[in-house]
Amino acid sequence: MISVAVLGSEGRMGRTVCQAVSEAPDMELVARLDAGDEITPEHLNGADVAVDFTVPQASEGNVHACLDAGINVVVGTTGWTDEAIERVRAHADEAGQCVLIAPNFAMSAVLVMEFAKKAARYFDSVEVLEMHHPRKLDAPSGTAHATARGIAAARKHVHMAAMPDATQTDALGTRGGVVDGVPVHAIRLAGLNAHEEVLFGNPGEQLVLRTDCFDRVSFMPGVLHAVRAVLPRRGLILGLDQVLDLD
Amino acid sequence: MISVAVLGSEGRMGRTVCQAVSEAPDMELVARLDAGDEITPEHLNGADVAVDFTVPQASEGNVHACLDAGINVVVGTTGWTDEAIERVRAHADEAGQCVLIAPNFAMSAVLVMEFAKKAARYFDSVEVLEMHHPRKLDAPSGTAHATARGIAAARKHVHMAAMPDATQTDALGTRGGVVDGVPVHAIRLAGLNAHEEVLFGNPGEQLVLRTDCFDRVSFMPGVLHAVRAVLPRRGLILGLDQVLDLD
Amino acid sequence: MISVAVLGSEGRMGRTVCQAVSEAPDMELVARLDAGDEITPEHLNGADVAVDFTVPQASEGNVHACLDAGINVVVGTTGWTDEAIERVRAHADEAGQCVLIAPNFAMSAVLVMEFAKKAARYFDSVEVLEMHHPRKLDAPSGTAHATARGIAAARKHVHMAAMPDATQTDALGTRGGVVDGVPVHAIRLAGLNAHEEVLFGNPGEQLVLRTDCFDRVSFMPGVLHAVRAVLPRRGLILGLDQVLDLD
Amino acid sequence: MISVAVLGSEGRMGRTVCQAVSEAPDMELVARLDAGDEITPEHLNGADVAVDFTVPQASEGNVHACLDAGINVVVGTTGWTDEAIERVRAHADEAGQCVLIAPNFAMSAVLVMEFAKKAARYFDSVEVLEMHHPRKLDAPSGTAHATARGIAAARKHVHMAAMPDATQTDALGTRGGVVDGVPVHAIRLAGLNAHEEVLFGNPGEQLVLRTDCFDRVSFMPGVLHAVRAVLPRRGLILGLDQVLDLD
């Protein structure tokens, strides 16, 4: 039985994590802490692992406090600077504890990104589509950016030629952008939530990798997996893919 | 039994039409004419209908010659000017004959365009994706342009508001363009031929209309349908959709 | 401004309808009635239209009471018998009022069904896929059944031959069934809600019609459309498609 | 420059391989052998690698002859028995040569199968769809069978529970079958060639892996990759995935 503390327990993600932990057969929710609650061993109530879904200003302090209290941490809060990451790495190494920071806990989204990197070298062409609800402010999405950069790096690693493209007449004028040579198309549609599709092509064939995240509950399998993964590990881990068995 | 003459019979489309006519149980191929062959009643060999897949410079002359010979015509050649169309309309009306000119004979492509116009008024959001082989010179494709214009006109007809879109950060830099307010995304991928997808969204739901044309043989059901359709009709018909029963 | 009463206002659908009516710029929610509330002119509070999402035992009585009170009705409750429908038809005709009963208010689902009937005659092959959450008890779904029957009837109407299928070795053993000659495949997948895909094929081409209903909020555009549609109409109307402009 | 001999050079696959080898910048086609041609060092004309797309009765003999001639072999011919495979393994080991036998050279199909095995443990639900032309005799396809078995083995390896499925009413009557607990749906549609889609689901999310093989030319990147791969290797290799870098 893994004892879990949730930091940011009254936020939308925090509440969802609390419920997922409560329903997991191998976990027990021992602490719900939110803004205003001090992160002390007493308040952490014997937790083995803390899960942090708070705000950028609070997250780093929370992690250090948890390390001081001797417990491992899973962080879903975004907005980490390189400096903050390095401070946490040093602290985790020194303490012999483990901290996992991930920008995305949706299993399907993480797998699409990993599979896309593996497939990249075997196809002449690749384009990325990301589809989101129309309330989203930025385009292309951060996940699509990261996917495209991963694909581009994998192609470069094996010195692939530029993709075939005879286009002569094009306004280059739709939502999206070319990221490191990989076209990313951004679609905004009422009814959708967060979706990504990677299309790979060779003469005569196509490979499609698609992730659909319909709801924030989609992050829970990844969060629970991360909680189980940090328990026996040490040091800083960046990304859920680092604790998946994909080889 | 419908007697059919094929004009441009040695081109790639013409040869495919000759084969399709030969295999149709209700048709007979009575004449194969190509560049250099005069379009005379004798050469047309008793045809009821001529199918023209030639070149822009030849097509109008062929149509007038067929009308003079008293037979109806199905035209798949592109590049018609408004003036040429009006001259053919006048000639067909006067002769009491029928000419059908269509930019696209792929049944699935024509149906996607028609269904998209019908659906347009019932959805808050709509975006168009067109996917083609990387040897294509223009983007977005002519079909996607026409689809987007049809959708935009249908939305305007019922005075719909602009689509919801909160995007603030966007390079607007991918292959494609916004056509009459409808975003069109152009994908070029080795292995593909000609494909289009229209995504409609409302809160909580999505409608997807997709056409895949894998091969020029996909035009044959539409061409044969047009041949059967012009036989009892009179006047000029623009577009395969005009002879489909979609109501 | 259309005054609307919601019957079954405390159920999950009823609450969603109340919110949708409240947010519609051209409607006003004037009455929320639930189990135990009598359907009287006084309780209906001047409503022009009542929307009924209750239970099969209550729904017919509600409709007659509304007709007696002189107002039109939109019914989303399922489980209507042919006899009950005929009683309502007679009452509506006599009263010169309008009642619309529909099994499905999701615009995208209704359009896929209608477009599938229109497309059916133009393609050699067609198969239906329906994808639902794994808590669903029946397979194939009622909507997929209705879609397949509509397609089969349209094919029969124009005397189409059986679909090409050379299969010799097949256990015929997956979730789903053949409905009037149309194969329906039933997929049950955690994470999904209610989705349907119709695949049409001809040599060289494919047409795909797909509906995704992610949430019950997807029924609201259809419900509001029906409310607006019954206002000026008379008699019994079966199905949302009857009040859509698809021709 | 890799010198390549093609065995079965006048068959449909053989001719396609000859063309692909001729167009590859790092290969030279040095021998085209077909039925009736003896496999001798002289006829192999200095080839480094032979590619065999012949018939089951001829293939094993061809491989032994090539090994005797001191050259490595890539085999795409199907119908190998376990005994024949073991005889080739022994011969290859003894000769210090390499033989690669693969049932499928389509890169996208092989990757979908490999990615599906990796993803299987992370999702509650999974179903497989295979879509083929209607001239196919067997259902479900061999590739879909293999995909489902790989997924089932990966789930069993980590002791996953049965998939959630509340279905009570189901005729279990559509083309396809349940393979080791994994539902496989078989679709036959005019216009299609060979396609497979694997759907994975968790609460709130979906992962889709799809392969489209439009044409036999889709096997060429895999065949050329295999030719390059056997050159420096020894022993028997079963499956293209064994020489892809997917870890």
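When the chains are written out, they are named A, B, C and D in that same order, and each has its own residue count from 1.
Rule of thumb we're sticking to: a contact is a pair of C-beta atoms (placed from the backbone, for glycine too) under 8 Å apart; a residue touches a chain by one contact, two chains touch by 3 or more.
What you see is a predicted model; the values in this text were computed from it and never measured.
Of all residue numbers seen at the subunit A-subunit D contact, over half occur in both copies; the interface is built from largely matching residues. With centres defined by CA atoms alone, the chain at the far end from subunit A is B. Per-chain Cα centroids separate subunit A from subunit B by 45 Å.
Rounded to whole angstrom, the centroid-to-centroid distance between subunit A and subunit D, based on C-alpha atoms, equals 34 Å.
Each chain gets a centre from the mean of its Cα atoms; for subunit A and subunit C, those two points are 39 Å apart.
Residues of subunit A in contact with at least two other chains: 123, 191, 200, 202-206, 212, 214, 218. If you sketch which chains touch which, every chain touches every other chain without exception.
Against subunit A, in their complex, subunit C makes its touches with residues 191, 193, 212, 214, 218.
Residues 123-127, 129, 131, 134-140, 163-178, 183-192, 199-206 of subunit C touch subunit D in their complex. On subunit D, the positions that touch subunit A within their shared complex are 106-109, 111-112, 115, 118-119, 121-123, 200, 202-221, 225, 244-247.
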